[in-house]
Amino acid sequence: MDYLLHVMILALIYSVFAMSLNLELGYAGLYNFGHVAFFGIGAYVSALLSHAGVPVSAAMICALAAAGITGALLAVPALRVSGDYFGIATLVFAEMFRLVCLNERWLTKGPMGLPGIPRPAWIAPGVEGMPAYLLFAFLAAVGTFVFIRRLTGSPFGRALKVIREDEHMAQAFGKNILLFKVKAIVAGSVLAGWAGTLWAHYISYISPADFTLTETILVLLCVVLGGRGTNWGPVVGAIAVVFFGEAVRFLPIPPALTRYVAPLQGIIYGGILVVIMMKMPNGMIPEHRRKNT
Amino acid sequence: MLRIQNVTKAFGALMAVHGVSLEIGDTGVTGLVGPNGSGKSTLFHLITGFYRLDQGDIFFGPHSIGRLPPHEISRLGLIRSFQHTRPLPFMTVIDNLIAAAPGQTGELIWPLFLKPARVRREENNLHEKARGILRLLDLLPLADELAGRLSYGQQKLMELGRILMAGPRMILLDEPTAGINPTLIRRLVEVLHRLCEQGIQIFLIEHNMPLVAKLCQHVFVMDSGELIFSGTPKQAREEPRVIEAYLGRENHAA
Amino acid sequence: MSYYLQLLLNGVIAGSVYALFAVGLTLVYGVFRFINFAHAELISWGAYLTLMFSSPPVSWPLCLAVIPAVLLTAFIGFSQDWFIYRPLRRGSPITLLIASIGLSYMLRNVLRLIWGSDLMTFSLPLARGFEFSGYYVTGIQLLMLAAALLFLMILYLLLTKSLMGKSLRATADNLELAAIMGVSMPKVSAVVWTLASVFAAAGGILLALDTNLEPMMGVANLIKAFAAVLLGGAGNVWGALLGGLFIGIAENLGVAFFSPGYKDFVSFAVIFLLLLFRPRGIFGLLTGVR
Amino acid sequence: MLLEVNRITAGYGHAPILEEISLGVETGEIVCVIGPNGAGKSTVLRTVAGQLTPCAGWVRYAGEDITRLGIAERGRRGLMFIPQGMNIFPNLTVRENLEIAGLLISGKQARQQAIRETLDHYPIIGRKKDLYARDLSGGERQLLALSRTRILRPRLVVLDEPSLGLAPLLVNLIFDEIVGLTRLGVSILLVEQNARKALSISHRGYVLELGRNRLTGTGSQLLQNDEVQRLYLGGEPADEANAMS
């Protein structure tokens, strides 16, 4: 039973992470392939602070702030380029982050990672705390959803879509597109940090190996499979990806073949990404019935 | 209202605009004409900040706008259209218009949560303003229609509606009648006249010379990046330099 | 002093291989204006296929095993374009980019499925080191340098002397005009993808000879190749070559100043700085050929 | 009739730009198409060249219906298109530009021979044969684009505004060259902004307005006809009324 709880908590955390990427990729049209870095910053900052004795809730808030500030620091330079180049710049930023975590042993304990990250005070550690953490993760996901829906349903969200479709027209109508994009990235980074802290305090052990290109592809898959530029898309995508990923454990696989499970999963994830791009680029919940993609 | 002083812009060796100076007061509708490749569109891009000036300066009312980015120029009331307009197909017509309104408090993140009432009020006002403009353009019945389903002519009128939502004091139109049937041209001309009555200046690039003659009180003619004539359309027709710019010189033995 | 020269030598050797990767990547970008993430898998598959043909049950000698490996990799490269990128070419560029990321991840995992994730080597006899006037170079490294220069020379001859090479450069310059003049697009794209795959596979094999094989080798080198492409100015073949050498040298010299763990940091930093200040590249200005 | 365009209707997506346009070119003739901007001149050319498929009407060339034929196929049949603006390969040398131009010639010797002849015929670009085309001046670039005609010896050359962006004396040079091409037995269909210049070298001319045939006649007839000038610059009220109809 508690395995099901684990999968549901993971799905909720991943839906927050997917929603945060969707704000940038779906609404603002920014191909941010380095989003996992902010997920990592959220995790590491709150883990390190709580190790230093800071109460968990305070550590989480600081983690959000750290993710937001790094988001702004990345946004201002990276937005000088667009499209493919922006995608490459952000992907490189994420790899830089992972390399720093690997090599700054004094801070992050390098490849050994950070064990024993405490849970928030009102949640018991270990298995007994799982139902409470599920509630916490659920509230967090709902809160994120409401925040993003308020943002995207507002004139701010409408302006983002105008900028995504036609930057020249947006400028001609007095929109400072750079400012809008930076705000979108900072908001996205803060929420990614939020997902990061949720994950760190749940899993209680993090290491640089948790923030690789694979995670970037996973969250990209959630957003693209679910439906870019919609509110429910990333949530549906995250649930689908996480449940598919964890359901494999229930399959009766003889021990000899277990080493084939992870690669097979990878092939399926990559394959779905390609098929979606070819067959239904708007994902399961298309943004709207428009002819051109 | 708009003053251009000795403006120059070159792309590598090509001198797209060379030492152009002109001034537009409150004349109503002013035309900018000239053969292909004479630098008309380049001049428009320079005025609205999409290209950076090499030399010279541009003034809009008291402000020097030569070095400003496009969105700040637009905030001063100098709004432009594009030759190949693209409506936002997945938004309704009315949303297309409201999206064009500048300085909405709802576009800043924090008021959405701290001052929701003000955002809602502003949104309603914009709705009213947009409906008023659609009524002016006889597009009101299409208000809630998806912009993608409009005909090409209707999309051109909606483009004008978007420009009006941005609160213009001067409108720069880049070939507004390109690819439109004559009946729609007449409607566009009526709307432009009504805008002039409201004191909005119009500066347009247009190839349909008979239309320019009928619509514009004043016209500037450009050829190969230089301003070669300024006066009324009627004078322009007789001016040898203008005729030569359009029809070319014949001094070539067959 | 000789310590730095040794690093410089290592840099030139590594750089010549990065140039092979970068040249292939920039050829595709020059003609199709798109960065192919799955280029990484052409690198790793080239190496692994050579391993397959040179180990039991086939166990051909290395120089023989290379041929089917490179041919098969060329087939993979060509089918990437034929089955996935060509239909997507009309869509928005982002669908092409995400598709290439998905494809790269898929191919990498097929590799892990067949050969597993742990390090492998060609298990060559211990490479005898040559030592001349104080600098230490292994036989394989010399082979790498020679092979890389040979490949780049072939490319130079192809692009400047053969008609197909010129048609390829013409297509990169002005696609519409090339079509008007009768350049056949299917032929050009077949040549571009074959060249890119062969160069990537060759680089992958050379690299694997010197170090070892692991599924992630492709991705690690893709980012280095991209740094070289950017340095040379996207689409500029000779710029990519110089860019590759620059990255190789910068990485190896860098080891003298900061910990080896940050070796990859060099190409990351190069990409970041270039993207922000000089997206058109530096070497692009020096050499003209696209 | 070497080329016959019959009641073509064509456009890009929304409103059609051309409506029932017809024109013809006899062998050895220079025919020009003029008209104010937005009249659809370039669209006619792109339809004849094969870059644009018309939604109605047909195009016959040398007795064969080529309405749906691809560009390269038309090139092989001797119908050559020189587009407006960027019509050379900047990052290839002048000689390499000519080699690509000669692609449609089968046989290496024939191609090299044609290129050598062309380089001798045009000393201006012959001297610069190993320079990159991007280093050529505007006039030299247009001459390089035109020299393709001498290599392929097509039957019909379709030229889109050759004088665009060129200084007046260079325009004369280019037009002399265009007239020179007819001595090779090449017929020419020319769209030109510089109406008077085009009419002065054309046997026949077509005047388009807002996508429709408006006037036609010999070069000299149209030169005298002041209706042409009124079309460009707008004329007496009578004329304006119908422009608005």
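Chains: A, B, C and D, in written order; residue numbering restarts at 1 for each.
The working rule: contacts are C-beta pairs under 8 Å (C-beta built on N, C-alpha and C of every residue); 3 or more make two chains touch, one makes a residue touch a chain.
Everything quoted here is computed from the prediction, not taken from an experiment.
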Out of curiosity, which chains are bumping into both chain A and chain C?
none
Among the other chains, which touch chain C and chain D together?
none
Farthest from chain C in C-alpha centre terms, which chain would that be?
B
With chain centres taken as the means of their Cα atoms, state the distance from chain B to chain D in Å.
33
Please compute the C-alpha centroid of chain A, do the same for chain B, then give the distance between them in whole Å.
42
Mean-CA-position distance for chain C and chain B (Å)
49
Separation of chain A from chain D, taking each centre as the mean of its C-alpha atoms, in whole Å
56
At which residue positions does chain A touch at least two other chains?
none
Check: chain D positions touching at least 2 other chains come out as none
What residues in chain C touch two or more of the other chains?
none
Arrangement of touching chains [line / ring / star / complete / other]
ring
Could you run through all the chain pairs that touch each other?
A-B, A-C, B-D, C-D
Help me check something: in the complex, which residues belonging to chain C touch chain A?
34-35, 84, 87-88, 91-99, 101-110, 112-113, 116-117, 219, 223, 226, 259, 261-262, 264-265, 268, 271-272, 275-276, 279
Residues of chain D touching chain C in their complex?
49, 51, 71-72, 75-76, 81, 83, 86-92, 96, 99-101, 103-104, 132, 134, 148
Chain C-touching residues of chain A, taken from the complex the two chains share
31, 33, 77-78, 80-81, 83-85, 87-89, 91-93, 95-96, 99, 102-103, 213-214, 217, 220-221, 224, 259-260, 262-267, 269-274, 277-278, 281, 293
Residue positions on chain A within touch of chain B in the complex are 150-151, 154-156, 158-159, 161-162, 165-166, 168-177, 180, 183, 187, 287-292
Could you pull out which chain B residues touch chain D in their complex?
13-14, 35-37, 151-153, 175, 178-182, 185-186, 207-214, 233, 236-237, 242-243, 246-250, 252-254
